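Comments concern the structure below.
Naming follows writing order (A, B, C, D, E and F), and every chain is counted from residue 1.
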Amino acid sequence: MSARRMLVVGAHSADFVWRAAGAIAKHTAAGGEAVVLALSYGERGESGELWKDPNQTVENVKRLRHAEAERAAAAVGARLETFDRGDYPLRIRDEDIDRLAALMREYAPHVVLTHPDRDPFNPDHPVAHSAVATARQLTAGAGVSSGFRTAPPSEFLVFEPHQPELCGFVPTVFVDITDVMPAKQEAMASMGAQGYLREYYTQRADQRGNHARRVTGDATIRQAEAFQRLIPTVVGAL
Amino acid sequence: MSARRMLVVGAHSADFVWRAAGAIAKHTAAGGEAVVLALSYGERGESGELWKDPNQTVENVKRLRHAEAERAAAAVGARLETFDRGDYPLRIRDEDIDRLAALMREYAPHVVLTHPDRDPFNPDHPVAHSAVATARQLTAGAGVSSGFRTAPPSEFLVFEPHQPELCGFVPTVFVDITDVMPAKQEAMASMGAQGYLREYYTQRADQRGNHARRVTGDATIRQAEAFQRLIPTVVGAL
Amino acid sequence: MSARRMLVVGAHSADFVWRAAGAIAKHTAAGGEAVVLALSYGERGESGELWKDPNQTVENVKRLRHAEAERAAAAVGARLETFDRGDYPLRIRDEDIDRLAALMREYAPHVVLTHPDRDPFNPDHPVAHSAVATARQLTAGAGVSSGFRTAPPSEFLVFEPHQPELCGFVPTVFVDITDVMPAKQEAMASMGAQGYLREYYTQRADQRGNHARRVTGDATIRQAEAFQRLIPTVVGAL
Amino acid sequence: MSARRMLVVGAHSADFVWRAAGAIAKHTAAGGEAVVLALSYGERGESGELWKDPNQTVENVKRLRHAEAERAAAAVGARLETFDRGDYPLRIRDEDIDRLAALMREYAPHVVLTHPDRDPFNPDHPVAHSAVATARQLTAGAGVSSGFRTAPPSEFLVFEPHQPELCGFVPTVFVDITDVMPAKQEAMASMGAQGYLREYYTQRADQRGNHARRVTGDATIRQAEAFQRLIPTVVGAL
Amino acid sequence: MSARRMLVVGAHSADFVWRAAGAIAKHTAAGGEAVVLALSYGERGESGELWKDPNQTVENVKRLRHAEAERAAAAVGARLETFDRGDYPLRIRDEDIDRLAALMREYAPHVVLTHPDRDPFNPDHPVAHSAVATARQLTAGAGVSSGFRTAPPSEFLVFEPHQPELCGFVPTVFVDITDVMPAKQEAMASMGAQGYLREYYTQRADQRGNHARRVTGDATIRQAEAFQRLIPTVVGAL
Amino acid sequence: MSARRMLVVGAHSADFVWRAAGAIAKHTAAGGEAVVLALSYGERGESGELWKDPNQTVENVKRLRHAEAERAAAAVGARLETFDRGDYPLRIRDEDIDRLAALMREYAPHVVLTHPDRDPFNPDHPVAHSAVATARQLTAGAGVSSGFRTAPPSEFLVFEPHQPELCGFVPTVFVDITDVMPAKQEAMASMGAQGYLREYYTQRADQRGNHARRVTGDATIRQAEAFQRLIPTVVGAL
């Protein structure tokens, strides 16, 4: 049987680390494959530390961000892909949608993760969401036989944004990441350019762990990540 | 290991049949236990056929409805409990909440199903929802150690109402009931007083089956039932 | 053919005047019947002018408010009924629900109007809404033959509250009241105790008239009242 | 007096058949005119059966789909217009909006029907909605005299999507299509490429008929179609 | 000029500490008065640690909880009031509403804080909300002169619940509590029975501080508390 | 200390007058600076009166509209900027976003006002909203140090649309404009092309004044304007 495939799409190369590194690590630890796609390197909006070097160049920032993201992806068992479409603003053209749909047809992910469709604090996250949602629909077809190659419909979830309530984010599933928290810590440690976010998301994992304990009564859960499913699941029993 | 326990609470004795008989049958077929609790017999609002007998009495209607519900519960492997609180209107007193909470503490269900909290077409369904939601919270405690007996937090879902969009119902999980559809048919056939609903809910199962196929691409699904989770789930991996 | 019957239920005896007098007048002018039911006289919360008389008594306030409401109802061709259940707070007991349901079974209205279910500025309006919604459901039965007397399902709308956006009110239908505006003015003039609201609701009728013109392009509309339907309508053609 | 004009806009040439053929037939049976506009032929996403012929060409698929849609339109008394903008993805340019607005100015519809603005299962439906909503606004002007040709504001409704709750669809009006159900059946039968949907939408018409009976108590209604109004209506009386 | 008065109402005696102690401390530090009202002691649902003593009595638990709450209130400059209405479940009778309204008329608060109206994890919080909302409306009157004593309308906000997204909580105002964090820490330290929550809410204050910095760009903010206004404010300029 | 800077962006040159002239006047009266940016002149959609002159030209309409808007801006102490991007439809290109973001970086407003994101009656208002929201995000950066010039995050509010409930507008702040109502009247009087709206918005100011009195109990408020904040505020105390 082939491995279960996960695709995680971020507007910037560091997005997957803070919001989904734990879920990726759980997925790959369970024998799954994971691809992380970064639509941009966040080279303008999220790399200010690097730009403090007066001799810095955009190509060098991208190179450093690529290396960081590769280390982080490796820490959770994922492979990195990049589109290098630029940030602040990330602008997605029709051909970028087509390229993303082609990737989805080829990779045929079972589950797709990306940003929510609304974020008053970031211009690029909703753009990434829209691209992923459209490409995913183009890939799956209309539920009837199509005149083009399709991939089976994937599960579709969004990961937690920085200010969840203001993005309309409501968690519907917590992933217990207790036993992969070291891998998430390692992935976060790889992101030199945004190191100060590490404490923030460590605390967040603790809090979501508290929520997951509250929901289940399971005291062994220490850390969790929160996700919102956009499409119903189908199960054999409740 | 003890069996997984499901509790299904309906305002009237027939409610569980139309909306959840398939999910109950799947649950018990998988080795789970199920208790169906009817807060009333629907003896006034949903038993008009029986009242066409000019010698009919309320006690006899309740007796007939009890027998029907027992047969339907048996068809899907569940045990029937009744509170006989009256219908049209169903009025829930503090002691009914306490009795329901006591039942939940004793039975300690892993999953609880009931009506949505809104229904412009039925005065009793939201009353049942409110009773179940409150009793469930009283049972689970505050997520900290309590000064009274508690049961672990249960999963909490609502089943599909008759006009879903007007009740604010949005499905989040489909249960594939293809292989237990005969048991659901048998349960529906047990409800002599509301026989005309049988075709309606058979069609509904087909349509939800279509939706579940669309979501998964799995062509083997023929019938399904729709549910909405009110509380996040916790999983080990996506 | 019998006349079309409208039932308008207000928490206080003046509520129907400001929010629905025009729609009532249009209804009766078209040959319909209308009953206005006041659950209380608003004798405490909305009769402050009367209480400036140091010799005032609650019975006298009610008597004056009754007479005003009768004059206003007469001005738009409606008949007044009162329950005298008290205001600030209006508290509805089970027997009040039953009494209201009995009135609805007897009168069998084709259309029912009342307050929205939310109002951060008035404790009594949502109580009235809830009573009307429940009694209406008890009257109509479950859409199947019942073991008690029913009336056909009525259309169900809420009228405009004082601060619509904060009550979740979204208009779905405007009634063109241009040709009955004098009757609405007369009804408003009858309400001595709250005379200062007359200008407010005259302006409001002008504004809703502007909105109704905008929606239709019909320049003959000068005044309108706004309502929100809670239940779909059924039509023979769009 | 001129006939009442209806405009139905679908992303693909078959969309109007499943969701609105009954309402169109009722409209034309009552003496109204109807134009069905197909923005694309659904030649890629919804014509998989045709593509099973190894010698199939896109031009031939479009030709066949055009003929089918013409037969279906004729069955309900409507005239077909096509924009042939391609599907999966349907991409709308500024000049397409302008062309649609020009059509609306010319035809001056009294009522416009199209897809809802959200559909997680179809990339083209929201694109069609957005084009129609924008063109309609451009046609109507700002409610003040304009420096360009306008048409009076039209009623604006969306028809039922395949999975209504997941598209945010809430019915506000049911059209009783009982007496034109044969015409809708004929229109559905014309759509050879998607014949398997015929049973699905026949059942759906039965269910919406059940809902419409429940809302009115009118037992003569057998089939109905559901719509959601996006703009208030203006009436002379409730 | 008299001091600005704040009223904070919690279902249980510890609620104000975790969610609003900082805002209370800021208020009193600025010369305001604050009253904390505990509707119950949380003696059953939130005092499990105390009940581990086999000789424990409910009266002793209440006594200990009262003392803790008084110390916590003192730490932030507030005065404690208690209604001792019981918890799990907290059940509010008409006379409790009247008592709360009388307190509000007497104290005439400028700002009122309480729980949100929804909480799937706690049966008592929404009960407290409803009591406060109703009593506040009864106190303020209908915006016209009343036949009873009133107090001016107060500002009305809800504090942050434990799982904000699942309670429909959306922050609209952050209070910068950086300089009173020691007082909040002292208040939290007073609550022996729930000491383990201290770390949770310390982290939460850090995170809300992060959000408040993000909103303003003001790097001096370290900790904040989040609130949601339910009623618009009126200002002299933006 | 430098003055507080306000930026008001309208799709058309008259938008700021009806919806925000009072708030601008209050702002400048308090010593603040204000810039009004008109993305278009509304030369096609809102200048019909001018087009009744058979010799009218688009350049002349723009010239007249510019002069009117300058007089109105002067009446409330603001400076006018224009982008002249055309109306009905207003179409915003990437370079327009960049130009707007550059203006925001340069001007560094403390508070930004524009249209809501939804308006079923106007195609240009949501386009303006989207442009402003995106440009504002690009200006503020990601809350971390950026590789480009930023301005501090501004407060972000939308002003009241013509039919508020149908645009999803819910007021969260009223500005008391009583003492600058003459300036707003003067600004409105400057807009010759849309003079008939003057009475409408004068009444609206009265009604919002009524609402603001109701919220505060402050009888000195006569007129107000309503706004909705999209981003939380941060305060030192409630």
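As a working rule, a contact is a pair of C-beta atoms (placed from the backbone, for glycine too) under 8 Å apart; a residue touches a chain by one contact, two chains touch by 3 or more.
In UniProt terms, the chains line up like this: A, B, C, D, E, F = 4-oxalomesaconate hydratase.
Quantities reported herein were computed from a predicted structural model and do not represent experimental measurements.
Novice: What are the chains that chain A (4-oxalomesaconate hydratase) and chain E (4-oxalomesaconate hydratase) both touch?
Specialist: Looking at chain E (4-oxalomesaconate hydratase) and chain A (4-oxalomesaconate hydratase) together, the chains touching each of them are B, F.
Novice: Using the stated contact rule, I'd like to know whether C-F or E-F comes out ahead in C-beta pair count.
Specialist: E-F
Novice: Which chain is most remote from chain A (4-oxalomesaconate hydratase) in terms of Cα centres?
Specialist: Using the mean of the C-alpha atoms as each chain's centre, the farthest one from chain A (4-oxalomesaconate hydratase) is C.
Novice: Distance-wise, how many Å sit between the C-alpha centres of chain C (4-oxalomesaconate hydratase) and chain D (4-oxalomesaconate hydratase), to the nearest whole number?
Specialist: Those two chain centres are 37 Å apart.
Novice: Report the inter-chain centroid distance for chain A (4-oxalomesaconate hydratase) and chain C (4-oxalomesaconate hydratase) in whole angstrom, where each centroid is the mean of the CA atoms.
Specialist: Roughly 52 Å separates the two chain centres.
Novice: Could you pull out the residues of chain B (4-oxalomesaconate hydratase) that touch at least 2 other chains?
Specialist: Counting only residues that touch two or more other chains, chain B (4-oxalomesaconate hydratase) contributes 121, 143, 162, 166, 171, 211, 214, 231-232.
Novice: So with touch defined the way it is at the top, what topology do the chains form here? Options are line, ring, star, complete, other.
Specialist: Contact map by chain: other.
Novice: Go ahead and list every pair of chains that touch.
Specialist: A-B, A-D, A-E, A-F, B-C, B-D, B-E, C-D, C-E, C-F, D-F, E-F
Novice: Quick one: which bits of chain F (4-oxalomesaconate hydratase) touch chain A (4-oxalomesaconate hydratase) in the complex? Just the residue numbers, please.
Specialist: Result: residues 94, 97, 133-134, 137-138, 141-148, 156, 230-232 of chain F (4-oxalomesaconate hydratase) touch chain A (4-oxalomesaconate hydratase).
Novice: Under the stated contact criterion, what part of chain D (4-oxalomesaconate hydratase) meets chain B (4-oxalomesaconate hydratase) in this complex?
Specialist: 121, 162-166, 169-171, 200, 203-204, 206-207, 210-211, 214
Novice: Which chain B (4-oxalomesaconate hydratase) residues qualify as touching chain A (4-oxalomesaconate hydratase) in the complex?
Specialist: Within the complex, chain B (4-oxalomesaconate hydratase) contacts chain A (4-oxalomesaconate hydratase) at residues 6, 23, 26-27, 29-30, 32, 111, 113, 140, 143, 152-153, 155, 157, 171-176, 211-218, 221, 224, 226-227, 229, 231-238.
Novice: Considering only the defined contacts, which chain B (4-oxalomesaconate hydratase) positions touch chain C (4-oxalomesaconate hydratase) in the complex?
Specialist: 42-52, 58, 61, 88-89, 91, 120-123, 162, 166, 194, 196-197
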